[in-house]
Amino acid sequence: MALGMGCTARPGKSRDTRTGSWRVFRPEFIADKCTKCGMCAIICPEGCIGENEEGLPVPDYDYCKGCGLCAEECPSEAIEMKKEEK
Amino acid sequence: MLEITEGSHAVAKAVGQCRPQVIAAYPITPQTHIVETLADMVADCTIDAEYITVESEFSALSACLGASAAGSRVYSATTSQGLALMFEVCFNCAGMRMPVVMSIANRALGAPLSIWNDHQDSISLRDSGWMQLYAEDNQEATDLHYLAYRVSEDHRILLPSFVCFDGFILSHTYEPVDMLTQEQADSYVPVFKPYHRLDAADPISFGLFASPDYYMEFRYAIDQAMNRARTVLPEAGRVFSEMFGRDYSGLVEAYRLDDADCAIVAMGSICGTVKDAIDEMRDAGKKVGLLKIRAFRPFPVKEVQKALSGVSTVAVLDKNISLGSKGAVALEIRDALYGSQIPVHDYIIALGGRDVRRKDIAAVVASAEAGSGDIYYGLREEVLK
Amino acid sequence: MKEDEAACVLFDAGHRACGGCAAAMAARLILDAAGKDTIVVSSTGCMEVFSTPYPETAWKVPWIHSLFENNSAVASGVVESLKKQGRKEKVIAIGGDGATFDIGILCLSGAFERGHDFTYICYDNEAYMNTGIQRSGATPYDASTTTSPAGKCSFGNRRPKKDLPAILAAHGAPYVATASIAYPPDLKKKVEKAVNTPGPCYIQVHAPCCTGWGFEGEKTIAIGKLAIETGLWVNYEMEEGKITKVKKVVRKPVEEYLKEQKRFRHLFKPKRNDAEIAKIQAIADRNAEKFGIEIKLKK
């Protein structure tokens, strides 16, 4: 890889760092309780919550740091933090 | 066209002919006439540039950095305290490979406060990654700006440049200067083509931080660009001389050096006095010559070795002092001549605007030939008592 | 495109912020609101460091970092350069509170006085976090930091927060606002408004920092809300120097906010310090009066 002139870079490589490995607790999304309000996706500092075909939130565990913010703020208590099994 | 003009005005006019798109500068003596002249040119629409009246030199160079990254040709000018205030940004411009061109109307650095000339300001930025060109007279000061834009912006180089010319001695002196026409300037300085730029169509991140895995390679890359400048600068000088007849193809320039026993090495306007002194000494039968350093960065090691290979004594005139060591030019010359038997004597001279006359140059030569040297020349012993 | 990428259109995952970092949230929300035709000029600090370890960058818009204290000056150059080229991208300078309130205020003041068309956003985590939680001019009264530590003869930071929004409004900025990551839609609306207002605009975003303030990352938003509910942080907008909008709250006592954070722990342990807590309550009371934030509940 050639050096980026003057220490420059194009986007793309940020995802090489899989911050999911930092996780101690894992958010588990309970479909039955979710009202699809979208709050979790808006606030996740990693921007790693997307949605599936049914419009339900889906976290990308490659990047989710397990901070618990989504679970704390979900108005429907539809996210539970579970100890990560290693 | 030959014009009798003040150095600062000639420089400002040349800069205007290079069509900078963004100018950001802050006034400081003796640079002020340059930026005032450019402000007039912008006010009268003789040049089509944005002029940012920043609140400090630190912001002047920071704004140039931003404007350059966004894809514009930029210009600034400063000296002394202003350059010192830019210190951090200077390293940044070079490290980020922004081809900024900046005039330095050389002036001493405080304390004590002094508005008069020496080279301490630009020399103190020696290690910042800027090319440094020094002018002997106003013609050269003017022409070196065209050259600097051409070389700095060359994609093989992408390094910023100082064009250094002595404060007051040149900046405020009227001399005849042969100005290029706008068409000539346009034919020599190509339209600015940024290597890359801040652009929503191709979003690049500039100025990332480098871990120990990368930092050294980035510094090495800057040094490699400096190495390439050792050939690109003379190349640009040759083209200039082919087009306009004035020769800047050398990183150094020799004057009556061919058969000289003693070589004086100097930079900037003092070279004019030295040449006159040499003519007198030659008339008196002394074999003395001058090696003028035009490019201090990159430092022309090979050219210096070649030019000084036949002399038996070297006297370096340093208008700067690396306190606790020697003058910066002498250190370079000694390094270049390492392994030879040629003695290099250093003379710290003309600090803070002290006048130098032909007889002083003759005294320096006599001292060097007597094997003394490594002194401050011309100290007033009576005030030291 | 993977499903999750939708949520980080312009600020990518893989950055190294602490879990629950408000500054990371702010970066995402700001770009969401500003859109892709935006050039960002960052200062040295947490956000810059966690988002751009070479060769990785989380920024999918053009982005530049030069130094700690010069982002407003660099932005000035970018703005004028774009103008000269007839380009239309918006320019946003982003800086931490240290970069903004302290070391960069010369460049900031110059840029606002000159009136460049850009938006300056300060993410305010109330200390120099990147260098290890030292106090800044934005650190609140009594907060313990590594350079304003609580001790036998110290209650923490001795000075109240500098009123930077007022300083910038006094420069004639057409739009000045405060916001909080605790209220994302409000923050986004303010960013949209700022980038679409000609001239220099300023937004100061409260960005609670779990690492520096001493709380769990999951509480970032809860802490941000408490700051507003106690009146220690006020969300407002100023247009042409006049306050035009204020978020009103049913006020809670300040200690509900203070006791959740290690940086104020010395006010409660080993012994409760009523006198100091009262001084902080007085700051909140003054805010409430100045901005008229109080919603009085009918008994």
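Observations on the structure shown:
Note that the chains take the letters A, B and C in the order they are written out, and that residue 1 is the start of every chain.
As a working rule, a residue touches a chain if its C-beta (ideal position, glycine included) is under 8 Å from a C-beta of that chain, and two chains touch if they have at least 3 such contacts.
Keep in mind it's a predicted model, so treat the numbers as computed, not measured.
Taken as a graph of touching chains, this assembly is complete, with every chain in contact with every other. A count of contacting C-beta pairs for A-C and for B-C identifies B-C as the more extensively joined pair. Centroids of chain A and chain B (each the mean of its C-alpha atoms) stand 54 Å apart.
In whole angstrom, the spacing between the mean C-alpha positions of chain A and chain C is 23.
Spacing of chain B relative to chain C, judged by their CA centroids, is 43 angstrom. Shown for chain B are the residues in touch with two or more other chains, namely 96, 202-210, 214. The multi-chain contact residues of chain A, meaning those touching 2 or more other chains, are 4, 7, 9-11.
The multi-chain contact residues of chain C, meaning those touching 2 or more other chains, are 52, 54-57, 59-60. Chain B contributes residues 21-22, 24, 48-50, 52-56, 58-59, 62-72, 74, 88-89, 92, 96, 198-200, 202-211, 214 to its touches with chain C in the complex. By the touch criterion given at the top, residues 36-39, 41, 48-49, 52-57, 59-67, 70, 72-78, 80-85, 89, 106-107, 109-111, 113-114 of chain C touch chain B in their complex.
By the touch rule above, chain B contacts chain A in their complex via residues 95-98, 158, 195-196, 202-210, 214, 217-218, 221. Chain A meets chain C in the complex at residues 1, 4, 7, 9-11, 13-19, 22, 41-52, 58-60, 62-63, 65-69, 71-73, 81.
Chain C contributes residues 2-8, 11-17, 19-22, 24-25, 28-29, 51-52, 54-60, 181, 184, 216-222 to its touches with chain A in the complex.
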